[in-house]
Amino acid sequence: MGTRVAIAGASGYAGGELLRLLVAHPEFELGAVTAHSQAGAPVTSVHPHLATLAGRNFDAATPAALGDADLVFLALPHGESAAVAASLPAHVKVVDLGADHRLTDAAAWTAYYGGEHAGAWTYGLPELPGQREKIAAATHVAATGCYVVASTLALRPLIDAGLADPADVVIVAASGTSGAGRTAKAHLMGSEVMGDVSAYKVGAHQHTPEIKQATGATSLCFTPVLAPLPRGILSTVTARPLRPGLSSDEVRQALQAAYADEPFVHVLPEGRWPRTASTFGTNSAHLQATVDLDAGRITAVAAIDNLGKGAAGQAVQCANLMLGLPETTGLAINGVAP
Amino acid sequence: MGTRVAIAGASGYAGGELLRLLVAHPEFELGAVTAHSQAGAPVTSVHPHLATLAGRNFDAATPAALGDADLVFLALPHGESAAVAASLPAHVKVVDLGADHRLTDAAAWTAYYGGEHAGAWTYGLPELPGQREKIAAATHVAATGCYVVASTLALRPLIDAGLADPADVVIVAASGTSGAGRTAKAHLMGSEVMGDVSAYKVGAHQHTPEIKQATGATSLCFTPVLAPLPRGILSTVTARPLRPGLSSDEVRQALQAAYADEPFVHVLPEGRWPRTASTFGTNSAHLQATVDLDAGRITAVAAIDNLGKGAAGQAVQCANLMLGLPETTGLAINGVAP
Amino acid sequence: MGTRVAIAGASGYAGGELLRLLVAHPEFELGAVTAHSQAGAPVTSVHPHLATLAGRNFDAATPAALGDADLVFLALPHGESAAVAASLPAHVKVVDLGADHRLTDAAAWTAYYGGEHAGAWTYGLPELPGQREKIAAATHVAATGCYVVASTLALRPLIDAGLADPADVVIVAASGTSGAGRTAKAHLMGSEVMGDVSAYKVGAHQHTPEIKQATGATSLCFTPVLAPLPRGILSTVTARPLRPGLSSDEVRQALQAAYADEPFVHVLPEGRWPRTASTFGTNSAHLQATVDLDAGRITAVAAIDNLGKGAAGQAVQCANLMLGLPETTGLAINGVAP
Amino acid sequence: MGTRVAIAGASGYAGGELLRLLVAHPEFELGAVTAHSQAGAPVTSVHPHLATLAGRNFDAATPAALGDADLVFLALPHGESAAVAASLPAHVKVVDLGADHRLTDAAAWTAYYGGEHAGAWTYGLPELPGQREKIAAATHVAATGCYVVASTLALRPLIDAGLADPADVVIVAASGTSGAGRTAKAHLMGSEVMGDVSAYKVGAHQHTPEIKQATGATSLCFTPVLAPLPRGILSTVTARPLRPGLSSDEVRQALQAAYADEPFVHVLPEGRWPRTASTFGTNSAHLQATVDLDAGRITAVAAIDNLGKGAAGQAVQCANLMLGLPETTGLAINGVAP
């Protein structure tokens, strides 16, 4: 008999991807699947791609329903995680896909999200140095934000190795539309987004403090871009080299060294740059980097699936660690392409 | 130790999807992976999404390389399958994803494909009545064409049940661009296909005789349409009812009865129509049907992933049967969406 | 001084395209531009592509504002046109882009739209035999529905010439998402529609009676399909030939004869099939047809821009006729591609 | 009788857009339309959207054919412009859409394009200070590169006003696929680009020296990104402020002052960021900028149509100036959207 897992907030895009992963996970048994406004509705009326769940309805979001599980995934709107987590029995482990418990700096929370900070949980990015062990020992984990995963995997090893200056980081990252959620909004309609690339929340995106926290950047200029694809993030990160004459090879080697044993992080062969399509449906990240000697800048690029390594995949990876399972269980490395 | 499987023609889209399925298949061990023009090149230079194959190169397409396997998948251009199959040891089983051995009517082959017919193999559509057993007993199987799978799953039970008239079938089916293959052609460039829907080979598509053979239609008007998505087929099939007053319920019940025990075929709840996105990355088909009393026509609609149930998924399903494995092994039912 | 034109309902997609055409029209002066819920808001907050209207706000939808024009375009939700038209002074001409006044059969209206029929106006499809003159003489014109334009241009000449049997017409037509309007709906979000083709309202679409009325079809099986592009309709129309041995040449000649003098209708060279991309941004229709002797069916295919010839372009064409201007004034024939 | 204009290289995407603009231009009469490999083929076999050119074939690329015009547009592969220009009579004016004559630095040419530099012509970006007059007086003009237009319009006024430091400019720009040309290539197939965002030529794109030349940047880190849309460039430009405490208002005012009288450059209202879709089919650029005080960086974003203001539109704008016509003749300001 497997570990019993439940989802609070299963009707959104991250919730749907979680459901897809959980029903295929060989060690998990699916418990409650709650969705506030959709309680009682067929799961396939919201997620018609989840054909094996035909006949199943969303559960009402009660503490009893969720408390029956060994581990609960929270995929709730900002500000709702703390109350649901508090309503659960003490032995129930929790992985939060939302932002509520990621930041350690309460002031940064208030500045970017508003309201009072609910406090930090163990940060759910296993590829950070020493973080895998902390996650394995934790009962409450806050999985990383989508832009943050991509940007951090590309930049953090370069800062840690003393190659990149944390004091002047520039990131421009393109995201697919599922990152903006499932609520119907005029600017996210198909007619609006197909054939369009646009910038938004320039210098003001709520992932800014989290990227600084996760990468160690002390100054960050972050521009998010909405691109016409359902899934995928391509983050282009540039920083100044801290050593004169730093070569592209040294930068690539730093990435390779950092991720040599990581199953989900792939530093591409020289000359090949990341494509989001290669990560579609996976928990993988693809990386490449170079040094532009003329410009005096390192450029590192990362591609992920924002619903995979950027949300649900990452959450399952954390859950695997918390439950003592092999970290890759139930997660895809190879993308669905073309 | 698993069954050893090989692929001839692994650099195309169907070949790439096969590779993705085979490396994740719990009972298969990957043998030779050949690609004529790409022999020696890294697999990830062609299929960058298959990150677990980093370090592996395409093999040269020699009989020795392929003959080492228990089962060989052929994903070759039209006309090349027979020679490769003939070069293999007698004990090696073969599943052909190409068209060479699907048609039983040599004249139809010559009319639509040109040249001499190579002869028919066991037809690889397990959901046809009695076909599952034939496939399980076969050594050589010709997996079904992509438009044919979608159209046949929608129409065949209605003809078999005496509900639909085989003498005036009209099919209009939209396909994603991967169905047209991986060879660079001007009209398939991204700039051309994005934002465009177009008809092609109207009344002249080579799947026409195969649809007639597989469905039992005696007259078929078939229009293929190219739509701006990488994967997916939506086939709209209409035929006259053979019984006056035939109701939508009766038609739906015929489909439900035909597929009650089929793991991959999903007749949707009333009022919900198939979407290709729901089948992305799967071996599933989604079906719905209705009777338009005013028009005097049954309309049945099927959605599949042309690279899944329309090609590589179907081929793996057949291989599972031929090897005595559970039919669903290594195949997804739930789609990757959105 | 030009003719003064106004728009009621300028915040939708058809209204936006009308605005784009009217500000570029050499004979028109733009009067009131009303939008019920957006009154007072900057036009560019809804239509950021209309840069020349920066500084202009939507007007409140009052009879006085609209009554100041020589001709008013109505781009309103179903059921609202009659009241607005009645509020205008008698000398003001009206072109309705909505469905309210298209059907001559009140019962058909009630069956497909519900409620009481508001009565028929002159039907705004100038390419129908004799219709151009009626439109030129009319004060109130109901412009054609988008699926109807494409389907009618392909089929009507074949019925009129006695080549196609009106008693068993099958149409499957794919539309871009702008045809579904600008109101935010979950199933029309970019994440849902990109990568997806789906059928909807099968056998039940409200354009069904209008297609029958405009083409002369006495029995029609109509399946609309939603495709992942912002604009464009590709209508595939099939009907039985009324003459044995009817050739593709005869069918093509009937189309060529019907449209020899039409500036906006282009029968393509033999062997080339319509693409919606070729009509993007235009008032053009591209046509092709063939006879499938084996199937015993004529297949005719038409491509249009659903917001152009399917809505705003058609409305301007009608207005040009009603005002005695050259019919092509202010309308594009060449598409914006790729 | 209008000015006679000809195109050398009319079968590519830039050439096709030029054709579209020239046939609609009220002051131009179309002369030779040459296309090396397509000579004799119908124009609509390559550009099916140009319906008014049905019946016209591409001309052979002879000096006599082109020399008959008053002005010739060159839309040729790199390295071919000089020879064609030299073959023309002295009185024939020339606008080159290619890169051959843009750079003033021969060493930069050789480093990024290879081979010997053909020499610089008058630079065809009329919005640069004093450039409009030079273009009007010139006989040979080199129109600007697509990434360059977008990046320069956003950055140049900020450097000129002493607000932005030219010594550390970072640009990440996303382009639609038509920017990569019309030649069939595997990585540009629809199946590859739909659903994909990827980086390419990171730190090595040939527009790098031209952006430096046109903006005055002395150090530039430039990352191009391929996005899944046919047309459009969104350029995100960041630079350090030269004045402590520089406000977003000051930056916006510098842009507004620079472009107050420019018909094609639109600084958006505060809080609204550029979208490529708004510029589709136009010669317009949409701009917005802000200062991120925390990061210590100015961020300016520009959107254009890469085939419009980034190629053919710009070329027509230059031609209008060279011929003494109103600069906006035959060019659209309002986009075709959605």
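A few notes on this one:
In order of appearance the chains are A, B, C and D, and numbering begins at 1 in each one.
Definition applied: a residue touches a chain if its C-beta (ideal position, glycine included) is under 8 Å from a C-beta of that chain, and two chains touch if they have at least 3 such contacts.
Just so we're clear, the structure is a prediction, and the values are computed from it rather than from any experiment.
Between the interfaces C-D and A-D, more contacting C-beta pairs are found at A-D. Same-residue interface: chain A and chain B share over half of the residue numbers found at their contact. Farthest from chain D in terms of Cα centroid separation is B.
Our note on geometry: chain A versus chain D, Cα centroid distance of 37 Å, whole angstroms.
Annotation for chain C: residues touching 2 or more other chains are 13, 176, 178, 191-192, 194-195, 228-231, 275, 277, 280, 338.
The part of chain B that touches chain A in the complex is made up of residues 13, 16, 20, 23-24, 42, 44-45, 47-54, 178, 194-195, 230-231, 266, 268-269, 272, 275, 277-282, 284, 286, 332-338. On the chain D side of its complex with chain A, the touching residues are 168, 170, 172, 174, 176, 191-192, 194-200, 202-203, 208, 219-223, 225, 227-232, 234, 236, 238, 273-277, 280, 288, 290-292, 294-297, 299, 301, 303, 338. Listed in rising order, the residues of chain C touching chain A in the complex are 13, 176-178, 180, 182, 184-186, 188-195, 228-230.
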